[in-house]
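My questions all concern the structure below.
Labels run A, B, C and D following the written order; every chain starts at residue 1.
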Amino acid sequence: MTQTADKKNTVKVKLGENNYGKAEINLMKINRESKRHEIRELQVRVGMTGDFDAAHSQGDNSELIATDTVRNTVYGLAKEGFKSSPEEFGKELVTHFVKTGAKVSGGFMEFTEHLWDRVQVGGQGHDHSFVRQMPKRTGRVESEDGKAFRVTSGIAELYVLKTTESGWENYLLEERFTTLPETHERVMATFVTAKWEYNEGDVDYDAVWEKVFGQLQVTLTDHYSPSLQNTLYLMGEAVLSICPEISRIWFRMPNMHHLQYNLGRFDLENNLEIMHVDPEPYGLMEGWVERA
Amino acid sequence: MTQTADKKNTVKVKLGENNYGKAEINLMKINRESKRHEIRELQVRVGMTGDFDAAHSQGDNSELIATDTVRNTVYGLAKEGFKSSPEEFGKELVTHFVKTGAKVSGGFMEFTEHLWDRVQVGGQGHDHSFVRQMPKRTGRVESEDGKAFRVTSGIAELYVLKTTESGWENYLLEERFTTLPETHERVMATFVTAKWEYNEGDVDYDAVWEKVFGQLQVTLTDHYSPSLQNTLYLMGEAVLSICPEISRIWFRMPNMHHLQYNLGRFDLENNLEIMHVDPEPYGLMEGWVERA
Amino acid sequence: MTQTADKKNTVKVKLGENNYGKAEINLMKINRESKRHEIRELQVRVGMTGDFDAAHSQGDNSELIATDTVRNTVYGLAKEGFKSSPEEFGKELVTHFVKTGAKVSGGFMEFTEHLWDRVQVGGQGHDHSFVRQMPKRTGRVESEDGKAFRVTSGIAELYVLKTTESGWENYLLEERFTTLPETHERVMATFVTAKWEYNEGDVDYDAVWEKVFGQLQVTLTDHYSPSLQNTLYLMGEAVLSICPEISRIWFRMPNMHHLQYNLGRFDLENNLEIMHVDPEPYGLMEGWVERA
Amino acid sequence: MTQTADKKNTVKVKLGENNYGKAEINLMKINRESKRHEIRELQVRVGMTGDFDAAHSQGDNSELIATDTVRNTVYGLAKEGFKSSPEEFGKELVTHFVKTGAKVSGGFMEFTEHLWDRVQVGGQGHDHSFVRQMPKRTGRVESEDGKAFRVTSGIAELYVLKTTESGWENYLLEERFTTLPETHERVMATFVTAKWEYNEGDVDYDAVWEKVFGQLQVTLTDHYSPSLQNTLYLMGEAVLSICPEISRIWFRMPNMHHLQYNLGRFDLENNLEIMHVDPEPYGLMEGWVERA
């Protein structure tokens, strides 16, 4: 091995924080117990943490759980468990790997859930036909010991927009690189990513998710927005007000700029009617809203 | 110019079929006439055809419409026109460019429309707040002379799935590379792309689109599917039956395989309950359904 | 079946042009005959055409080749054949399916080839270690009878740019929506997609591809470009001049606009030094260059 | 405002960790000082941290730097500064915003650099024509006070593969969900993301990046790999050995599985010659390698 020769010139190193597992495990679980089928579709990632030093530094794989086994386990435990929410399924998975792997002390399970509505036939949701929806549900379950868990739930790809009741004024105007004029009437649009953490105690993760998903949309409508930052804060306040289970919530809210196209050059008026939906760059706001 | 020297060794060539224009023009038009705002968001491409030989072979740009002008025009005519459907807006655009460009004899306008629903507040759609939906509306308007038009409308990203009432049997089994077992019970899922052409006469493009969009979902539910090919055909038959305006319809239907995961290895039953959603490869069916 | 009831209101329809097969078959073939391994990685799509009317209209699958069989066949014939280019492999596949399927009269094979270079170690390409490159090779082989073939080869994702020796002048300036100023000095960038067809006779597809790939880059450098259209034409002329095997070549060339950012507002000069790489919209030129 | 009415039921909340700025600023800087032009293309994100409580909770934007100003500043300072590496440019930007914004106490600049090679003409790199390469350079510069900086540099999209000298053996075999057979001969491929931190002192970021980029490829070739974990560790060891400036390095290494396709069913041998390049799921290894 060329490696040996090179070793003469290597410095002393050690393994730092690390994990390994399997990612993009695409799972659908279908509940066929009644004629009215239920489906859940998850993309799952599992990571394990523990004493993996020998594998990294010595190439000694003994006692390691193969990532192929992780895949098999996700499908196997989806059969035996996964009776309620993806978050609870995540706890089952992490618990399993800590029990099974002699060197595994903790781990995490992350998921993206693809959401499906029932196909509407004659005003009724069909028993076994479904149509994919756009926003996604996300989550992460993490444990250091396979017993105590930190759970984070979230929403991705919730794209909302309002055509009025939004502005941006009174910011730092006297500054060399500032050219933007103030406005109290603009289009505001954002592609919301949110995640939240929980207080201690039992949680119905599915029910909480539905409440947050609805509230974010309602809060968008209930105030004049002087900034995306303020809307972010009000969304957080509203969620914490209706969901006592949630301890704090984080948002990533890009300001998807809808710019009034300059039609004056062609002797045409434009009262926020003809907009350029500009893909880049975008303002980007990130922040936690927490209980005071 | 190095070019001159190289010319010694060039062969005789000519320009073949060609077009040029502007692509990915992102436009939102907001109708603020009443308190209840209406929005339409299009990604537009315009291509022009005509006598562009001098530009290509001689570098002579005289009389050419700049693609920057195409962009300005899309926004300008969106203000002056675009009163009904994107298809009609496409006709306005192509007509304009044929009139304006001395060398332009025809052209096309293609669009992808991003669909927005109203945010629900207390069971009612909000006046000026919207949430993006997943499927997309598409279309292409084309003319050779700026007078007569060929219009094609379509749907993209309609992802539907049924958990039963589907199978695949009685195909060529005695063949060297065939290993798939027959089944009369499977999960069928497809990510539908459709496009359709029209008979002569006036068309309410928006109304037709809504009918097709609803019917494709309903047809999915109304039969046992012996193959995706048969479902494709029945979808086409159903659309042609309810939309006399449509002359023929085309589908691109990937068979998004949901494979029963092999749990027998772990002494677990799997009656189409635990599925691997396999991203690749996929069966791919394409075909036109036409009036007989 | 609900279907029966609905049938009362259906109109008469028929199947039009159609095909089916398997897409996104990801194949790597490794030649291990010598210590210096060779690899080729293809993403393959196979489509079959023929008499598939019964399957579509009656749900009668008899004699149909399953798309799962298509997958098996691609891997199986990759072992038995695929000794030279992907184009020749495509001919083997289409020929096979026409022979095997009683109802298959023709078909096509499309591929995208991911290109790998050898890892450089001490100035030498390594025997069995590779690093992925950006441009892709593409192709399509098509036959109506499994005997005569139309072959198209291509390049995708070739992103080239020149910082000078390019302009855009003398176009239609006196026009309502035209605001762009003329220039004889700009940055020109394009993300080239090309495809070409062949004259009759034997072709070394691999050798031709390498020649085209190199020539497109060289032609970019060898002239002042008065328009992307002219560069498109000169690239076509150059390829046809050095590749007698090629009958005609098509390009899709977006004009990836690099716009001088307006720094005058901040009392800073900008001589095409500080550019905004604007992702949209873009000019889009498409055209064939053919032998005269 | 409906908001007022809702306020009756809100709980007490506060703003937690937060930042805002501009993302996806696409910048190219062209150095035209000599005939041999130099280009650098960055996608930049700037985030500011500080006392933004009033903006969030009260809608009071006073003293806030607009994100539009952030964009202008990136282009403006790219003209005045950005004389060496993107990392140094990041320091200039963060320093500027802390100085300019009364409420800004710190911030970060993240970049993705698109890499361009010179077009080869007659064996020489051309003066002003370039072709885009696949791997990307990344980085993040962060400061709490606009004076002291933490710099992280990285590589993304480095896709490497070896066709032999790799295996996976001696892992936990006696386990319910383990079905994978051991092997000492497989194809190993990974799509490397790496990032590294620096020791104190001056750093030539461009020079270090080149060394890391080359070394990762060389290390891939210089050992039999008993696991991707071991290769990750050896890559880290090698980098730390040749780059004294680097304090530690992190890798995200998916195991892009190349699976031997089962050809035995068709009486064909397959000695790792015909592979299925499986896009999902993939093993995923993450870890830091640090100085001991």
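The criterion applied here is as follows: a contact is a pair of C-beta atoms (placed from the backbone, for glycine too) under 8 Å apart; a residue touches a chain by one contact, two chains touch by 3 or more.
Remember, it's a predicted structure, so these values are computed and weren't measured experimentally.
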- Task: Farthest from chain B by Cα centre, which chain is it? Let me know.
- Result: D
- Item | chain B onto chain D, rotation angle from CA fit, given as a multiple of 5 degrees | 180
- Task: Could you give the separation in Å between the centres of chain B and chain D, each centre being the mean of its C-alpha atoms?
- Result: 35
- Query: So what's the Cα centroid distance for chain B and chain C, whole Å?
  - Reply: 20
- Message: Based only on mean CA positions, could you tell me how far chain A sits from chain B in angstrom?
- Response: 29
- Item | Per-residue multi-chain contacts in chain D, two or more chains | 26, 72, 76, 176-177, 179, 221-222, 265-266, 279-280
- Task: If you connect every pair of chains that touch, what shape comes out? Choose line, ring, star, complete or other.
- Result: complete
- Item | Sites on chain B touched by chain A in the complex | 26-32, 37, 39, 41, 72, 75-76, 78-80, 116, 119-121, 126, 128-134, 158-165, 187, 214, 217-218, 220-222, 258, 261, 263, 265-266, 268-279
- Item | Of chain D, residues touching chain B in the complex | 176-177, 179, 265-266, 279-280
- Once bound in the complex, which stretches of chain C touch chain B? 1-3, 6, 9-26, 45, 47, 52, 55-69, 71-73, 76, 100-102, 168-172, 175-180, 221-227, 229-230, 232-234, 236-238, 240-241, 248, 250, 254-255, 279-292
